[in-house]
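Next, two complexes with chain A in common: one pairs it with chain B, the other with chain C.
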Partner chain A sequence: MRKLKIIKNIKVKKSSKFLILLLASILVGTANAAIFYSLTMQPQVTVSTPIIKFSQAPDHPGGTVSDAWCCLTAKSYPNATLTYEKALYINNTDDTAHSFMLRYVSITPANGTADVANWNSIKFLVCNSSGYVCSLNFTVSSNYWMLAPSGGQTNYYSIPASGVWWIRLETLSPATATKGTVCNIQIAVDVQQ
Partner chain B sequence: MLLPELFALLSSDLFLLLSLLTCLLEERFPKPVPYIYQIAAIMGFGHLVVTKMFLTVFDVDLRFWYNFFYLAVGLANVVAVNLYLAVSKKTWLLAKVWSASVTFPTVFISIFFVYNYGSLQGATFPLLTVDLILILSVVIFGITVAVLLSPKLLKELGRR
Partner chain C sequence: MWLVVTLFVLLGFLFSNAGGNTYFALLTEPRMMISSPPVVLQTGTVGNSTIYTNGTSARISAVAPISAPTDYNFVLKVVNNVSDHWKIRLKTYSQSKIERLNNCTIYFRNVSDGFSGQVYIVNGNYTLQTGPWYDWPASAAEIYIAVTLQANNPEVSYVNVYLEILIPDKTTYAQYVLTFEFT
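Up next, the complex of A and B:
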């Protein structure tokens, strides 16, 4: 009890009160700022539908088509060019124009193997209502794939708002081609957001 | 990009400012006031922590409204202290100084940030409501300033 009385008698001066409050304020202010800073640095990644997406076209060769990726299972005939006029649609679902390009990723059979000679050419041509836009062509010279454009990618082309373009797929095999041989091509469609 | 949590940060800082100023003017305020404002500022900290923990759960509209509410409470306290000095304590000079150096800048900065948030974020909340709240705040603030600058104005209005 006596100790409590002594404590009660201690007069807290205004300056010391202010100092305590100032230190507490600095502490709280700094903590608040740190939390706010961590909030601003917290990225949020939301899964959403791609703005440029694939969809099945009338001459779809078969395979799976989803919004962001597709797998086409096309055929190739010996000594005859097979054309899928509208193999795949590329839809711009946004209300502003976006640029995109085709970019080569991989191909099998690999360069230098005898199986490569089972094809003369596989061409991916991008078209719109005005006609041809660009293409990514795979032609065969002996047992090697030759890419055109040589850089393995097209230029960027702007697809207008709500525009629908399509990919025309052309395949050709030599007369000596072996039936049942499969070629897998992976192409990326790069879209500028 | 402005986050709605900026309003909570701003309001928390307002409470800290009020705490320090009421401590400096302690003879004019009840003793616990500076500490109550400190607690209010710490509540702002808690506010931000909860927001951080549930950032993915709360949508932007909800975050805006509860942060805006906290800011409104902070601003109301600033104005209330101003009125307390003017009406209850009859310290007109101090109330005028407070009005010019605390109330006006804080209200002005808050309006600036809220408008910026509305225009930059393309927010989906009904801006009209915010407009009305801010216009009302400005009108009340204007009347307060007018009365503070000439206290006889109220009496004259009363006579009419």
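Up next, the complex of A and C:
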């Protein structure tokens, strides 16, 4: 009977220790969670004109041109090359130089569809007063667009302070092209601010 | 020692992260539609011309006599299908065996105001490869392309040119391929 009581006491002690340990753990955890402090950030976001922006050029083929977005509605003639020498201006309005590149985003008709064969080539050449700078070219092989550069983007090029460069657009369709067929392209101009 | 190394590594990450750039992207969405050409080519009444689909390219054949120059005053017709006025010119881009051509003059003319020389080959050499811009008169719906020829042997020469059609006061232009074959 006495032995049994001793054993019972021992169990109570172990339980107590475990309980104390548990409480201590919770206490520590709670204390850790409480050690915080707060910094305050107050960003002020102002709607501004981008430092490099689009503007309408002398050979604007049609469509809307705004500072950061433009839609150009150009033509393509069967079996003839059509060139818009200054289709779109790229203006650096800042007093320091900035770098930018052309990056392919999307094109329709999609690769592999028969409508792709309505074009031989669509070329976007970046030019300045010294001549050619770089280009993003779409040529057609069978029903597939071939993009050059193959990575879908040009290198970065630095446009000087207050510089005005332009995009020369060239289209060429085969003699068998179907009139009324439309090609939509999205190209991003990525600017390092 | 290890503490110092660890600190350098952590600082390295900190600085590389702190050295970021700000970017933004402008977006351009060109939309190209295949359209009817506003100016088309039609066959002439002398020489032998072939007009290809859509009337935007042609092949013109003519005999270059050895004895004396011959004038083919209407080898090709250029027709304006719209009310816009244009400037046009010829621009050579390749050739073969032109050394046999003693005289080759390719020119524009219309019914009323005559002559605009565009390409000259004299004694086998170009003296004019790109013609001056010719103002397409508002009154004329058609322009004629004509050729004066003389050769010194019976071979075949080719002169490949672009017919360039320019919108006045702009730098938007179309290029049609014309192949002249002089037998």
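Rule of thumb we're sticking to: the second predicted complex is superposed on the first by the 153 of 193 C-alpha atoms of A that agree within 3 Å, B and C clash if a C-alpha of one lies under 4 Å from a C-alpha of the other, contacts with A are read in each partner's own complex, and residues count from 1 in each chain.
Throughout what follows, a residue touches a chain if its C-beta (ideal position, glycine included) is under 8 Å from a C-beta of that chain, and two chains touch if they have at least 3 such contacts.
All of these numbers come straight from a predicted model, not from anything done at the bench.
**Q** After lining up the shared chain so the two structures overlap, which partner does A:151 touch, if you call chain B first and chain C second: first, second, both or neither?
**A** A:151: touches no partner chain.
**Q** Quick one: classify A:21 as touching chain B (first), chain C (second), both or neither.
**A** Touch partner of A:21: chain B, not chain C.
**Q** Can A:112 be said to touch chain B (first), chain C (second), both, or neither?
**A** Neither: A:112 stays clear of chain B and chain C.
**Q** Comparing chain B against chain C, which has contacts with more of the residues in chain A?
**A** C
**Q** Does chain B (first) or chain C (second) touch A:160, or do both, or does neither?
**A** neither
**Q** With both complexes superposed on chain A, which partner does A:39 reach: first (chain B), second (chain C), both or neither?
**A** Only chain B; A:39 stays clear of chain C.
**Q** Name the contact category of A:63: first (chain B only), second (chain C only), both, or neither.
**A** second
**Q** Write out the stretch or stretches of chain C touching chain A in their complex.
**A** So the residues of chain C touching chain A come out as 21-37, 52-54, 56-57, 170-177.
**Q** Which part of chain A faces chain B closely enough to touch in the complex?
**A** Per the stated touch rule, the residues are 14, 17-18, 21-22, 24-25, 28-29, 31-33, 35-36, 38-40, 42, 44.
**Q** Residue numbers of chain B touching chain A in their complex, please.
**A** On the chain B side, the touching residues are 1, 3, 5-6, 9, 12-13, 16, 19-20, 23-24, 26, 34-35, 38, 41-42, 44-45, 48-49, 51-52, 55-56.
**Q** Would you pull the chain A residues touching chain C in the complex into a rising list?
**A** Interface residues on the chain A side: 50, 52-54, 58-59, 61, 63, 67-86, 88, 103, 105, 118-119, 122, 124, 167, 169, 171, 173, 175-193.
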